[in-house]
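Input: one structure, supplied below.
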Amino acid sequence: MEKLFVEKEIKYIGDQLRPHWIYENFHILGDAIVAFIGEVDVKLDEMVDIEDVINNEPIYSKSMLNFIIEQFDIDLTAMVLAQRLFISIIKEVLEGYGVAVLRKGDDLFYDGRKLSVSIATKSITSCLIHTGLNIIKEGAPISASDLSEMGIKNIKEFANRIMDKYRQEFESVKLATYKVRGRA
Amino acid sequence: MEKLFVEKEIKYIGDQLRPHWIYENFHILGDAIVAFIGEVDVKLDEMVDIEDVINNEPIYSKSMLNFIIEQFDIDLTAMVLAQRLFISIIKEVLEGYGVAVLRKGDDLFYDGRKLSVSIATKSITSCLIHTGLNIIKEGAPISASDLSEMGIKNIKEFANRIMDKYRQEFESVKLATYKVRGRA
Amino acid sequence: MEKLFVEKEIKYIGDQLRPHWIYENFHILGDAIVAFIGEVDVKLDEMVDIEDVINNEPIYSKSMLNFIIEQFDIDLTAMVLAQRLFISIIKEVLEGYGVAVLRKGDDLFYDGRKLSVSIATKSITSCLIHTGLNIIKEGAPISASDLSEMGIKNIKEFANRIMDKYRQEFESVKLATYKVRGRA
Amino acid sequence: MEKLFVEKEIKYIGDQLRPHWIYENFHILGDAIVAFIGEVDVKLDEMVDIEDVINNEPIYSKSMLNFIIEQFDIDLTAMVLAQRLFISIIKEVLEGYGVAVLRKGDDLFYDGRKLSVSIATKSITSCLIHTGLNIIKEGAPISASDLSEMGIKNIKEFANRIMDKYRQEFESVKLATYKVRGRA
Amino acid sequence: MEKLFVEKEIKYIGDQLRPHWIYENFHILGDAIVAFIGEVDVKLDEMVDIEDVINNEPIYSKSMLNFIIEQFDIDLTAMVLAQRLFISIIKEVLEGYGVAVLRKGDDLFYDGRKLSVSIATKSITSCLIHTGLNIIKEGAPISASDLSEMGIKNIKEFANRIMDKYRQEFESVKLATYKVRGRA
Amino acid sequence: MEKLFVEKEIKYIGDQLRPHWIYENFHILGDAIVAFIGEVDVKLDEMVDIEDVINNEPIYSKSMLNFIIEQFDIDLTAMVLAQRLFISIIKEVLEGYGVAVLRKGDDLFYDGRKLSVSIATKSITSCLIHTGLNIIKEGAPISASDLSEMGIKNIKEFANRIMDKYRQEFESVKLATYKVRGRA
């Protein structure tokens, strides 16, 4: 799995959560994780989370650290499990900064306030994850927390730690599937 | 997913990590998680982790809290991801007790000492996980930690919290696969 | 699997056979079966059955009892098998009313005249079935039979019997996959 | 799918429900359905139905019409659905003889008495079904019915009708998966 | 698998590489291979090969022998393997004409010059291959070779040999999956 | 995919075609291809090719170049396609030595005489291929050819060329599945 921290800001409007967005934009072919900073503004008709559509809850945040993951050869149940593990990894990396957060499913909470948005979905040829972490909470539509109040200032370094840990984890998950004897 | 805490002690020798061990012994059919306390003594020829076989590392612990999970309709990659998430959940439950541990893949460490063993495997019809947490560390072959030094005394309550959290997590994972629009 | 009999009439034009139509309209998440009464008017460009498109056979019926089933974690071959079983179940429920019909694949015939239309298809995240049974046969383009001539007057009760039997059947099918030993 | 009615009697003891039993004995390669007449005597340790093992219910019948089906490229959920459809087909063929039976899951009942046994399972490379219909009920361990009391005398012709209808049904199921447009 | 050589010329613009193009146009249902002669002019927005899109490489050839293959019950990895084998088969058929070519992945080279284009992709319900072989090389955008310089004049016979060999190969591949014992 | 040419001779008796034989013996975890030289003597009860068992055709050769391939995350149809492609690659490598052979399915013929044996099978967690090429033909039970009569003397170099080409091919196959847009 390749990784990339994109230096320029990108406004996330939801349509980036599509197959080959990474390949088309950054020429990374195959399993990949990309991070970038940018405003998040997902209108209802770009949302893949139909629960949010039903509840009429578009997503807005002035500045988020965004991750897009695309993986092939994986089904949606595994991808949602991978997403939950990815959220656990963010929690663990934050612990390395001395910050304690609470994970509930695919959400992270700091001081009872929501830090993150996340969704996993499936295309014809791959599965995809978007996760966003508030950098600055103003403008977010719900009671929110953000990375700046936790003292995370070097966002790039923080993002790279998360991406490296996820890549190692997924590599180790695959090795774990190779090393076991099946039980007849 | 059904759960059961088995009141009587069971010595875990590895052959319980087989399809339908739960069904045959506790008459729970389908996806299930079972916990029990007991000595753990897995000889090389019962091990499914071939890495341990190659390294000639049988498993022994005088008293462990053991979990056996059997799930159907899941492939091995998803099951290993579920196992990692299960280990994260144990970490999170320990945090609820005020105990901080470190997760590395499918291992938990307390004070730099290993608390757990875990493996996930596949049968013809299902996938299976065994996870053991030292209750008393004496006799374990490597530098170990245990639940008793963390002050976890009510093992049954601890086990039930873990099992409940895992069941809720997996239920929520499945719902997450149902609520998203695919991307053409 | 949840079930719902929708009290208000809905005109079925084919575009309801899409992923999450049930979730978006009735807020039932996951595997579900929904029944409703309504005119059926499926033009060629909404048809998923390409055989009918090739044969230039749009579907029209003035009033049908319609079923929409959406299931996740199932492939198309299994869904077509489930559809055939669903048609068998309708036949069996009709026998409970003292009415004998003949099943040929996914069609039901009464007195040699066609009672039903049915199709199963696949989306990126799920599989779907539509089945329609004529309530009043006038206006149907082929030699048809209908429920009213069989004396089925309480359509809601009839629909609920079918939906309950299908849900029980599918539940029992899953249990049957859990209870068997694989053969090495 | 090839079919074969085996002229000589074969005692069914359960171990015939294994991959390639048909290929090894009758040199039919690939998807196949075979019928034969014989005593049925399945001891607990040959049973794949663990529910029967738990309930200590071995199977015995002095003379049954047995079907073994092996299919490749199919998963266990689809195979259990196919089994239920196979049981529906037996019911429909019996209707052609003027005999009314009741289907409950994978069982058939005549006059409230059980006519059949059936199980579906999975091997590493295929799925398998065994279905047995009592020809003579004496010696069967439960309240039973049989084909002779229904006036079915030409067992071979009866078996061939069932096998032909199943083969046509499965062929038509596959065609139904090929003819539909997917829904994005 | 059915085959068809289409007598009339068809201009290939890329949109023929879609599910059921064969069924809708030639009324062949299920796995099929079709060959036709025609100009090839695939603009960037019809290309499924995103590598070519990124490299801004549309495809043009004045006259190609085109093959479209659609297969169901196959995943994309298997379909790409089948595509490579299909290219090997073209090479082998050319050897039967006394013509030596070099295969590199899904490309064929004659005298160091490229003879072919090929791509495999996936739809919701099937997988698809397009392969084109230059008949006349003029107008092709890269250094090219063609069938006419190899002395292949009866294109229909050549196409039929290839299609027959591929169908036999795939049939034999399926039989090979049925004849082997799994290893526990 | 890792590769290894084993310097010491190994007698191939068929039981090496099992999951993790490579991992247990050479400590290579995951997808791998291994080559070794040795006598081949596969008795009927170690054969996975039931066709050979039925035909009572054990395999014997005094000295063969053997390849064992184990791959995870692949189904049996894809593995048989990979096997055929592997055989094509051996043919292409031989062409590089100026030797022309004929491929029929998974067999290679030189001068009308058989050079190879090959089989692909499936375990609970992986798929496996064995391919053997006669080095010295004496003692082979059928009309055979061998590498020595083709002038292939440096068997290790020959084996490494084949293994390298297969690894590159499979890597390129996976990339080909990542680069294409799905067709809704």
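We call the chains A, B, C, D, E and F, going by the order they appear; numbering starts again at 1 in every chain.
Just so it is clear, contacts are C-beta pairs under 8 Å (C-beta built on N, C-alpha and C of every residue); 3 or more make two chains touch, one makes a residue touch a chain.
Keep in mind the model is a prediction, meaning the values are calculated, not measured.
**Q** Starting from the defined contact criterion, work out which chains touch chain A and chain E both, please.
**A** The shared contacts of chain A and chain E, listed by label, come to C, F.
**Q** Which one, D-E, D-F or C-D, has the same contacts as A-E for more than half of its contact pairs?
**A** Most of the A-E contacts reappear at D-F.
**Q** Have a look at where chain B meets chain D and say same if over half of the interface residue numbers show up on both copies, different if under half do.
**A** different
**Q** For chain E and chain F, what's the span in angstrom between their mean Cα positions?
**A** Comparing mean C-alpha positions, chain F is 27 Å from chain E.
**Q** Just the number, please: Cα centre separation of chain A and chain D in whole Å.
**A** 49
**Q** Could you work out how far the Cα centre of chain C sits from that of chain E, in whole Å?
**A** So the centre of chain C lies 39 Å away from the centre of chain E.
**Q** Tell me, which residues of chain E touch at least two other chains?
**A** Within chain E, residues 19-20, 23, 29, 50-51, 73, 76-77, 122-125, 174, 177, 179-184 contact more than one other chain.
**Q** Looking at the whole structure, which two-chain pairs count as touching?
**A** A-B, A-C, A-E, A-F, B-C, B-D, B-F, C-D, C-E, D-E, D-F, E-F
**Q** If we count contacts the way the header does, which residues on chain F are in touch with chain B in the complex?
**A** Interface residues on chain F, with respect to chain B: 20, 23-24, 27, 29, 73, 124-125, 182, 184.
**Q** In the complex formed with chain E, which residues of chain D make contact?
**A** 19-20, 23, 29-30, 72-73, 123-126, 174-175, 177-184
**Q** In their complex, what parts of chain F are in touch with chain D?
**A** 50-51, 53-54, 76-77, 122-124, 184
**Q** Which residues of chain E touch chain F in the complex?
**A** That would be residues 17-19, 47-51, 74-78, 80-85, 88, 92, 95, 103, 105-106, 119-124, 128, 169, 172-174, 176-177, 179-184 of chain E.
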